[in-house]
Amino acid sequence: MKAIVTVMLKPGVLDPQGRAIGQALAHLGFAGVGEVRAGKVIELDLAETDPGRARTQAEEMARQLLANTVIESFRVDVA
Amino acid sequence: MLREMRAAVVTFPGINRERDMAIALTRSFGRAPRMIWHRDTDLSGLDLIVIPGGFSYGDYLRCGAMAAHSPVMDAVRAHTARGGYVLGVCNGFQILTEAGMLPGALLRNAGLRFLSSDCHLRVERTDTAFTSHYQRGDIFRAPMAHGDGNYFADDATLDRLEGEGLVAFRYAPPTGNRNGSARDIAGILSPNLRVLGLMPHPEDLVDPLLGGEDGKPLFDSLAATLAA
Amino acid sequence: MTTRPVDAVLAREFGLNAEEYARVLAIMGRTPTLTELGIFSVMWSEHCSYKSSRVWLRELPTRAPWVIHGPGENAGVVDIGDGLAAVFKMESHNHPSFIEPYQGAATGVGGILRDVFTMGARPIANLNALRFGDPGDPRTRRIVDGVVRGIGGYGNCVGVPTVGGEVNFHAAYNGNPLVNAMTVGIAPRDRIFLSAAAGVGNPVVYVGSKTGRDGIHGATMASAAFGEDSAEKRPTVQVGDPFTEKLLIEACLELMATDAIIAIQDMGAAGLTSSSVEMAGKGGVGITLDLDAVPQRERDMTAYEMMLSESQERMLMVLRPDREHVARAVFEKWELDFAVIGRLTNSGRIVVRHQGRIEADIPLAPLADQAPLYHRPTMPPPPPAPCGEVADTVGLEAALVRLLGCPDLCSRAWIWDQYDATVGGQTVKRPGAADAAVVRVEGHARALALTTDCTPRYCAADARAGGAQAVAEAWRNLTAVGARPLAVTDNLNFGNPERPEIMGQFADAIAGMAEACRALDFPVVSGNVSLYNETEGRSVLPTPAIGGLGVLDDAARAVGIALRPGLDLVLLGATAGHLGQSLWLREVAGQEAGPPPPVDLVAERRVGDFVRARILAGTVAACHDVSDGGLLVAVAEMALAGEVGARLLPGPDGLAPHAFWFGEDQGRYVLAVADSAALLAAAAAEGVPARRLGSAGGLDLTLPDGATISLPVLRRRHEQFLPDWLEG
Amino acid sequence: MKAIVTVMLKPGVLDPQGRAIGQALAHLGFAGVGEVRAGKVIELDLAETDPGRARTQAEEMARQLLANTVIESFRVDVA
């Protein structure tokens, strides 16, 4: 199965990268861009074939390594 | 005679300031530290463990994240539980926060660029093993070289750190706070004052020929404490 | 994979002309396979064979008693005393840096590092010589940003300090920036590793990263032989992995401390092909490769793709068979791939096997000996017309302020602040502190002085004078810190060699370099040629970048450029007030005209030797050579570095003030000394022109005409351009 | 509207970060993890309320700024 872990900074943690991207988009002339947040995505090929167990596995990986829960939250999608 | 002090420098794949650190420790301690590869987990008989700077595991994913899970870190935790001293500089600081041994996290520098230049640090307390050879309020110079040195913690944690006097160093004028760290924090201590993490590199300023000895008191402090 | 017949048309697409392809057929005695054609095409490419430049490179002096290995090895090696050798080289990554600035520059740094540690040296310093387009060109900003991030991203991560370099801007580099990276390493002088393979039957071992389809010969991209998705499958841009490089450095150095390695070579351009062909060729042996054993990152790679892949962070070694297990253990410890992929033979041929088939079988001797060599026509460029008298309409103060803020002279702090200059704990003089970077050798008093120099606008006006000037300036920058200049690496960046006027520039620049190297006992020990630097038929300025290396027996003797209060300023060397091709002429008078300043190599040496002796005698507090922008710019740079002002005396009668203060006459230094009378007397005794310029103190720069500029104002002007332009 | 731009290295381009994450997961004792790829995700708050136009906008931003199409490919999701 494929598990996709998306890791974003928690609300309240300053995201200078998101802000810089927002500014750069404005410089390029894109109007109507509000908040921009930048995060990471990690795609995992898992041997596990059961979606539920694959999700549990990926969540465990995110908690232990892929996200730092002091500053980040994560979401797992299984496909 | 002085008791034999035993210091070790722990290295992970990608660490690159271990030699700088060994030189600084040797200068103040009068003997070279033991160099420990991250797969060795026997830290017995050591007084001080240093985690130096660099790019452990290439800084991939998050700085220090992968090293924090290395088996040697359980041994480092056990060492602190025994009352041993730990110093983490730059990547070492990042590893200590990722391992949960110090609170907070180091985010990307606010300007999103790697910063390599001298910075100035104010000494917030001098009654610790790491700072006794400074005067309180001293401002000293240290090179910094990092892309992720922007100290972050939630307000409650920051209040607690300040309330308990666990802020060791703050960025100070003239260079000031260039990476965006919360409350200008450059280095913090554990509650028992035996673990110090800081971003700048005092170990790179211990020789007049290389621009000064501003970083030397930190190592002299440790040498004096551990010899006592 | 659809296949096309191997014929003259395909060979043409691979970059081999009809005559070269006929030679391939003659050597092979049959139609080559696709893989064989690929091997010929990369080995006979300009990059690997130096077919247009070789006849000229022979003119450069390469020997001196202290030279251990000159050109021909992975890097040059010179004796620096204490039983140690310095290993150094410069290399370009121009084209990749235009396509993808970050990765192009990063992999450039990675490649030059490998050239140095493959010889057994621990890299101790990196430098970078950069030429960018006009800041007004919309592409330039992105390129500068990416290149600087890429150099820092790679160098900082591997833990080698980036200690110096140079930057120029000119519209001629629009669409073709030059990114030249230099690495310097230190090795025990009797433990230098070479690439000549030896010992029939010995294992050929691959270490490092896995092989992917990265950067396969650009020429093949034009071929329609690979089906629709070829662009997807074969990225021309390689991604660097500095983390793996760091592991590779440590693993190689660890293994080099044993007796396991017989020969070693990095996989640079043309990867497995050039490394295996060169190792076997140099050793006069044959080699068989079994590609099934090559660590592969991607599925279904063909022999052609593996032989031509330019995946990064890989090395090829020949090991003592009884030490294979030692080597394997080292690379396993560092979690790097390790695979025996072949053996040395006595066949004199390279034989490549893949999936039970022989994909290539080529005799090595003719592949090397019969490589094309061209005496391309040269057309001597016309000598530059003199620019005549140019009147000063703005005065000294306005000109100084404008010059210090212009792209070619403004502070490079925005750049070097992104480079870790202190890692290693041996950096005595960082960027901006001195004319050359100074890096101590760990555990020794001795230090290396390092610099890169070239003034392309001089070379464009007169390549011969410009070539000599670049060498002289490098020698001067080393001298200005108190170092004894030892040797040079170069990176010759030019346009299309098939155009006679470009070949003329190339030949002239080499002639000038050779003359200066000879006169200054400053041999060339390594280098790189980068041709075809042009876009839309417009060539870059001829840019023979020079990397200079010198030695100080005692690092504590090194001086920087920072002025201190109370000292006298003294100019050494002769001033004629040469304004041709000066920055004053360009930035203030709006002209790019005239001949470049001539270099008098005899005077150069006399003045330089005198300056070095004074520095080593401990009588000089600060020293700065006079280069771009002239005398007043040099003095202002010293004042800014020391945060101390100066009061300047009028120049000589009979010379217009702007010519005296902004002329770019060569072979000059400004010294800050406590006792100027003693210095003037010593100079007079040795026939060195000397003149007291004024004295240091206060926080203002007071010009001879009475104008006063405060240092903070000057600093703002000096430091604002790059951040304003790049962060704005 | 919210547009989510996911940027990944193109297939065939070396992904040292993904490789290092894969090795770290293996060291942590997670079995059955095959290929790991690491990428970026950028969340944009757009004033645009039409999903089609929002997607077109975000794609244009990705092409111009958010992705480096020499080595990266991108995907846009609109929500």
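As written, the chains take the letters A, B, C and D, and residue 1 is the first residue of each chain.
Here, contacts are C-beta pairs under 8 Å (C-beta built on N, C-alpha and C of every residue); 3 or more make two chains touch, one makes a residue touch a chain.
Predicted, not measured: the structure shown is a model, and the values here were computed from it.
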Report task. Report which interface contains more C-beta contacts, comparing A-B against B-C. Result -> B-C
Query raised in the report: Distance-wise, how many Å sit between the C-alpha centres of subunit A and subunit D, to the nearest whole number?
Result: 9
Requested in this report: Determine the centre-to-centre distance between subunit A and subunit B, using the mean Cα coordinates as centres, and give it in whole Å.
Outcome: 30
Query raised in the report: Between subunit A and subunit C, what is the gap in Å from one C-alpha centre to the other?
Result: 41
Report task. Could you grab the centroid distance between subunit B and subunit C? Build each centroid from C-alpha atoms only and quote it in angstrom. Result -> 36
Report task. Mark out which residues of subunit A touch at least two other chains, giving numbers and ranges. Result -> 40, 64-66
Report task. Mind pulling the residue numbers of subunit C that touch at least two other chains? Result -> 241, 243-244, 335
Query raised in the report: Where in subunit B do residues touch two or more other chains at once?
Result: 57-58, 60-61, 65-66, 69, 111
Query raised in the report: Mind giving me all the chain pairs that touch?
Result: A-B, A-D, B-C, B-D, C-D
Report summary line: Listed in rising order, subunit D residues that touch subunit A in their complex are 6, 8, 18, 21, 24-25, 28, 30-48, 57, 60-61, 64-66
Requested in this report: Flag every residue of subunit B that touches subunit C in the complex, lowest number first.
Outcome: 13-14, 16-17, 19-20, 23-24, 53-55, 57-60, 111, 113-117, 143, 145, 147, 201, 203-204, 207, 209-211
Report summary line: subunit C contacts subunit D in the complex at 99-100, 103, 209, 212-214, 232-235, 237-239, 241, 243-244, 297-298, 311-312, 335
Query raised in the report: Which of the residues in subunit C end up touching subunit B in this complex?
Result: 149, 152-153, 156-159, 241-244, 246-247, 334-335, 413, 416-428, 430, 440, 442, 555-556, 727
Query raised in the report: Which of the residues in subunit B come into contact with subunit D in the complex?
Result: 57-58, 60-61, 65-66, 69-70
